[in-house]
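First the structure, then my questions, so here it is.
Letters A, B, C and D mark the chains as written, and numbering starts fresh at 1 in each.
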Amino acid sequence: MSAKPPHMKPVIVIGGGVAGITASLDLARAGTAVHLVEKGPALGGQVSALDKLYPTDHCAFCPLWTEVRNCMLNPLITVHTCAEINTITKTDGALKVVVDEHPRYIDENRCISCGRCVPACGVDAISTLGAHAYPPSYYIYREKCTLCGKCVDVCPTSAIDINRKAASSEILARDVIWATGFQDYDISPLEEYGYGTHPDIMSSLQFEEWTAESGLNRGTVVKKQDNKQPASIAFIQCAGARDLRLFPYCSAVCCMHALKQAQWVKRRNPQVQCVIFFTDMRAEGRHYYEYYLREIGGSSIELLRGRPGLIYPMPDEDGIAVKYENTITQSRQIRKFDMVVLNGALQPSLAKSKDSGYSPILDTEGLLSGISPTIKSCGFCREPMDVEASVVQASSAALRVHVGEEQ
Amino acid sequence: MEDNKQTRCFLCECYGEISDVVDLESIRKGLEHHPRIVSCEKVKSLCLEENIDELAKRIPLSPESRVLLGACSFLARGDAIITGLQKRGIDPKHIELVDLREGCAWIHRDDPASATKKAGDLINMGIAALVQRNYSEDLTIEPKQEVLVIGAGPAGISAAASLVKLGITVHLLDRAKTPGGLLNLIKKIAPETDGTPQHVEAFLYTVGNSPLVRYYPGSRISAVRGSAGDFTVEFTSGSDVKSINVGAVIIATGARVNLPGSLYRYKELKGVITGIELERSFKGPGMKVTSAVFIQCVGVRDADRPYCSAICCPVSLKQAIQLLEENPDAEVTILHRDIMCPGSVLEDYYRKAMEAGVRFVRYDQDTPPGILGAEQVEEIRVYDVITGRERRIDAELVVLSSPLIPHDDAARVAELFDLNRDIHGFYEVRSLMHPLETTKDGVLVCGSARWPVLARTAILQGEAAAMKAFALLNTDQLTATQISQFKERKFSLALVDRQACTGCGNCVAICPYDACSLEADQGAYKSTVSQMRCTGCGSCVSVCPNGSIQLPEQNALLIGEMLKAAFS
Amino acid sequence: MSLVEDARLKAKNALEEGLVDGVLALARVEDEPYPYVFEDAAETGMLELEPKWLLAKLAMNILRSSRQDYRLGIICRGCDERALNELSKRNQFDPARLHVIGLACSAEQARICLCTKPYPASIALGEKSEGFDPREDERARMFLSDDPGTRMQHWAAELSRCIKCYGCRNSCPICVCEPCKLEDDLWVRRGEIPADMVSYHLIRAFHLSDTCVACGGCTDACPVNIPLMLLQVAMRETLANNYGYEAGTDLERLSPVLSDLTIEPCPPLMEPGWLDSLKVNHET
Amino acid sequence: MTQEILLSDHAESTRHNAAPKVVVFACKWCALIGADAAGKNKVQLPVNFRVIPVECASRVEADAVIRAFSSGIDGVAVMGCHLGGCRYNNANHRAAKRLELLRPLLDTVGIDSRRLFTSFGTAHEHHQFADVIGEFYRRLQDLPPVQAWSRSNMNDYRRGDT
């Protein structure tokens, strides 16, 4: 009884984050061929953009890079990077999926990361893919590139070809799994949060990148305005979430994310004062509450219940004012902070597939509805959830696709 | 050092990235009359497709041939070269990659002379490693295409039904007489908005009618042996003792509801009941009340049980809505410290409860609500943290929402399977990308046995566990080196020199995977290693007093020789 | 009744009651003490207690080479008993076949051996006397002084006189490995006299880091009188401070170094400030 | 003379003028990634260190560390994953405990235990690896030289001429 023959038609997994990777690996190990379509230049998704992960404080790349490598080396998985879904049309018993692959000017199989192209480029459009991306290669950002071609001559292995055109391939697939995850959302429309009015009012993902150990500041926490160390940081929870004007759902990950960020700020410089404005501190997952207790008890992170009414740059001095109601003293107070991190406005990112009779049905909250039988989806794009839940849902979606059954 | 290994050495210039700093020519000359090196060539580059083709042609496929590559680091392009050679039939274990770029040229650009000396030493270390390296012989077994699922709650039946769809024979073993676990105690499954009950019905039907499922109600496991792909499990079912042979085990034993003891005058005052008792009355005559109060976090999120049981809030919301359905103008209030309804489905459910008229009052852990009444509960006094005033709510019913806690026999089952348990008593699983796998390959945990979850999550976890078990067994040749989930090949498997072993048991005590065990052998004890369980971490080697246990791929002699070659 | 007569009586009774098939103790033959297995109750008249003679390894070998049901009694001091506990923890013999007759050492003997616990768990002969802290011995004070320079000076001078006779290893009750790493050219270069100070002595010392019962066997056996037992003092103190563990005192508890930090924590590693050993300055 | 590498004697001659010699046992899952990142970012590091990759810090025997010191190496670094992140089910805990127990022995005989550097999870980024190796070098340079223990000096002791 040899290994089961791979099912005749492949499965398309859209999104190369933790959910997409897990679904692809499970399908491949079960014997189904997979096309993993990732719009970015490398696999890893949002988790690879994080610095540390809760509740174990692992570095984000640590649990991820071996899974990414397994994906790249698995013979049954074809990875398409810089690729997006054009259309999905239902044909007799199968799905015709057109995948648009944006031109990747540097061929990652020929780039030896020597870095000679970076000084040659006048507009600073070339850089590595990130500290721990796999496979390691340089990447030309199309939006900045002026196609001047200076880099082409200096590349020793002629890996750069700026005339590469976008290509689109057509795949006959048995089924599609949406694992597109989430992306940051610009909540400047909600003026009370003051996003955009001060360089030090930023979203939690921007704060994560700004203070990442593998980032520019190498883990030190400094103000964007003047690169000096802040005296106090405010973490505003449910900023844009649980809010009928924008995202009615709770984004599920941001309470613990704020705790993690605050704890790492305290661990790196204990004298910075961290305050978390929260509605419900949702630390209900596995070992989450112990993480909450360790942080609150241990390193004096202050928890203030309630959503701030108004956040605005201080008129006369530098710093940011946060107006909120202190439920203990029943009084309105204004408190000055050097940095404000807005947590919660995470939008499910959906492949912008043109209307082809098969585009995913969204529920009222812009999420891939789990009810529609045909669409198999997992991870944040279906329901806001953390890494462990996304990975479990990805395996479940992989199972349902493998046995060819409605969700 | 007289064995017949033939080592071919290739030094990569990397288009000048290495050769500009390191004088590869002097190293190449130094190696020409080295006793262990057959040939040494300097090439412009090694990692492009055309270079790998060229390279593969120059390496004979004979078992004695060894390859020494002086190029970049494994994480840079080394990985691509080795996988490229592997695709062309060269065994990666016969290749030694020496990092001359990230490990030498790029970090010592301002001192080429010392960089060249260091490169020579690194090459010598590579040669020493190649010469001393042995190979652990792989163990291949035919995995049993059967899985044991323990526990027939929502997680267990979902795992069983999923395995049936995957064509795997399932032994569904349950302590209770009837399947369904905690679901038997409840009328509606929270939150009823997303089709969970239909799934449970479908799975129960599949489990009940599929020929692939062997269901053993009312049975108890007595012994477990073996490892991934080949477990032998003995259990007593009713009167007779059975023994089955399975490839993987899914533990879905669930959890039990904790009783609040004497908190909030439970058992002392009429009208103070737990959520389970309320559920029983919903299944039975129903419960018509004019005023009811739910109290959350009873006997949990406190010093003794510092964890959040996650399901009590959604369950209380469901019961509150049911009370209002039975009596629309009843007054139902939930006293809570945080409403744990993350995500979209549960947040909708929270809003649905508010629209149904449920009131929410937030209290603080330090000022818990007080229950007033002589024999029958009459009134609740609670300090409302939001308004800062004490509230008085008259209530004829108080429902204490208590957490799920591990079963009493969780310790016994953990003992049988050598599983670790976290400080609360739930089975410890690996983190983040492998949330259902335990440190014992082939043993998976899902449902509330791992952490309190709602039925809908238990079902998802059951399916995921089934898929992971299938991924392990979906081959007719399971090799010991291929079992590791987080990489495609184990680095090595420990090997014991039984003649030298004194039976001291250090390896047995330290092994993080319980792969070592002591066997009596003519009166003395000798250590043996279960190759399936061994992950090749080497902990045993570092505590063995006379080095009788070794990792062949990185034995003590190899490290000793590398140390000597380091600054030769 | 003197200590020796009490010991002879206990040995005789044990033999007569058939509690044991033989009693291992010292016997004085032509005024020379020899370890001797008394199997005949009448011979117990020759039993002696002095001088101090480590019988643990001997007892192990006797049990190994005798028939399965042979039960051995032993007049054993505190260090012997601890050594026997360690050996049975390392599965070298079956402790059930051993009947221990505990002999407490005198304060002077403790003074000579620099022994902190000169009495066994159950004392049958003699009274418990005060242990002696090795750091008080003036010769030891130089080897364990606070100034690293003096320590290095003394250790280098002493260890340079080592003739690599392996006496310390052979007399140590815990060292039972054949082949032993110290004879392997990879670890200790063969043919070098004196033995390489670092590789021979430190490897031997570290192998006994969590099993040394401070019996002083190595110091007694060393022909050039190097106080080898002092190498273990600092490690034994670290084990006592970090884990409250002393080798040989508990038949069940394995060495804490083999277990997980979540099972047996190690305080210096668990301090929140501890990131790596550079951030924490070990001012020794 | 064959190319066979004879250790003992000529290791002495190079020690006095060269920078301290360091051997780094780097765990493949964390420290080696830091070393590789340091290379990718072309961070200039002192030359005299050699990296021996190991699968887990727990593979590093205390005897190997002692053997390194005895063969004239001035500093040994054992670098593994952070104490909660080991891929091998907390095997690095045992390594941390074992090396913590080796320190008092090294101190007893006067080899300063600061010559043994243990890092668990603090060297996975390029700047961290560079800082840590650089700091370890500075520490080694101002420690008393290890010649007192080397073979050649031992005979001087015997002749009593130091």
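Here, a contact is a pair of C-beta atoms (placed from the backbone, for glycine too) under 8 Å apart; a residue touches a chain by one contact, two chains touch by 3 or more.
Not measured: the values here are computed from a predicted model.
Student: Taking the mean of each chain's Cα atoms, which chain ends up nearest the overall Cα mean?
Tutor: Per-chain C-alpha centroids compared to the overall one single out B.
Student: Please state whether C-D or A-D has more C-beta contact pairs across its interface.
Tutor: C-D
Student: Cα centroid separation between chain C and chain D, in whole Å?
Tutor: About 31 Å separates the centre of chain C from that of chain D.
Student: Can you compute the centre-to-centre distance for chain A and chain D, using the mean CA position of each chain? Integer Å is fine.
Tutor: That pair's centroid distance is 39 Å.
Student: What's the distance between the Cα centroids of chain B and chain C, rounded to whole Å?
Tutor: One centre to the other, that is 43 Å.
Student: Round to the nearest whole Å and give the separation of the Cα centres of chain A and chain C.
Tutor: Inter-chain centre distance comes to 60 Å.
Student: What positions in chain A touch 2 or more of the other chains?
Tutor: Only 56, 58, 113, 136 qualify.
Student: By the touch rule stated above, which residues of chain C touch at least two different other chains?
Tutor: Answer for chain C, listing residues that touch two or more other chains: 181, 186-187, 207, 257-260.
Student: Quick one: which residues in chain B touch 2 or more of the other chains?
Tutor: Within chain B, residues 75-76, 486, 510, 512, 543, 556, 560 contact more than one other chain.
Student: For this entry, which pairs of chains touch?
Tutor: Every pair of chains meeting the touch criterion: A-B, A-D, B-C, B-D, C-D.
Student: Please name which positions on chain C make contact with chain D in the complex.
Tutor: Residues of chain C touching chain D: 143-144, 148-149, 151-153, 155-157, 159-161, 181, 186-187, 189, 192, 194, 196-199, 201-203, 205-207, 209-210, 230-231, 233-235, 237-239, 242, 256-262, 266, 268-269, 275-279, 281-282, 284.
Student: Can you name the residues of chain A that touch chain B in the complex?
Tutor: 1-4, 18, 22, 25-26, 29-31, 53, 56, 58, 63-64, 66-67, 69-70, 73, 109-110, 112-114, 134-136, 156-157, 242, 248-250, 252, 280-290, 293, 305, 327-328, 330, 363, 365, 367, 370-371, 383-385, 387-389, 391-396, 398-400, 402-403, 405
Student: What part of chain D is in contact with chain B in the complex they form?
Tutor: These residues of chain D touch chain B: 2-5, 7, 11, 14, 21, 23, 32-33, 35-36, 38-40, 42-45, 47-48, 50-52, 54-56, 58-64, 67-68, 71-73, 87-91, 94-95, 98.
Student: Which residues of chain C touch chain B once you look at their complex with the stated criterion?
Tutor: The contact residues of chain C facing chain B are 64, 89-92, 176-181, 184, 186-187, 207, 254-255, 257-260.
Student: Quick check: in the complex, which residue numbers of chain B touch chain C?
Tutor: Touch residues, chain B against chain C: 500, 502-506, 509-510, 512, 518, 523, 525, 543, 545-547, 556-557, 560.
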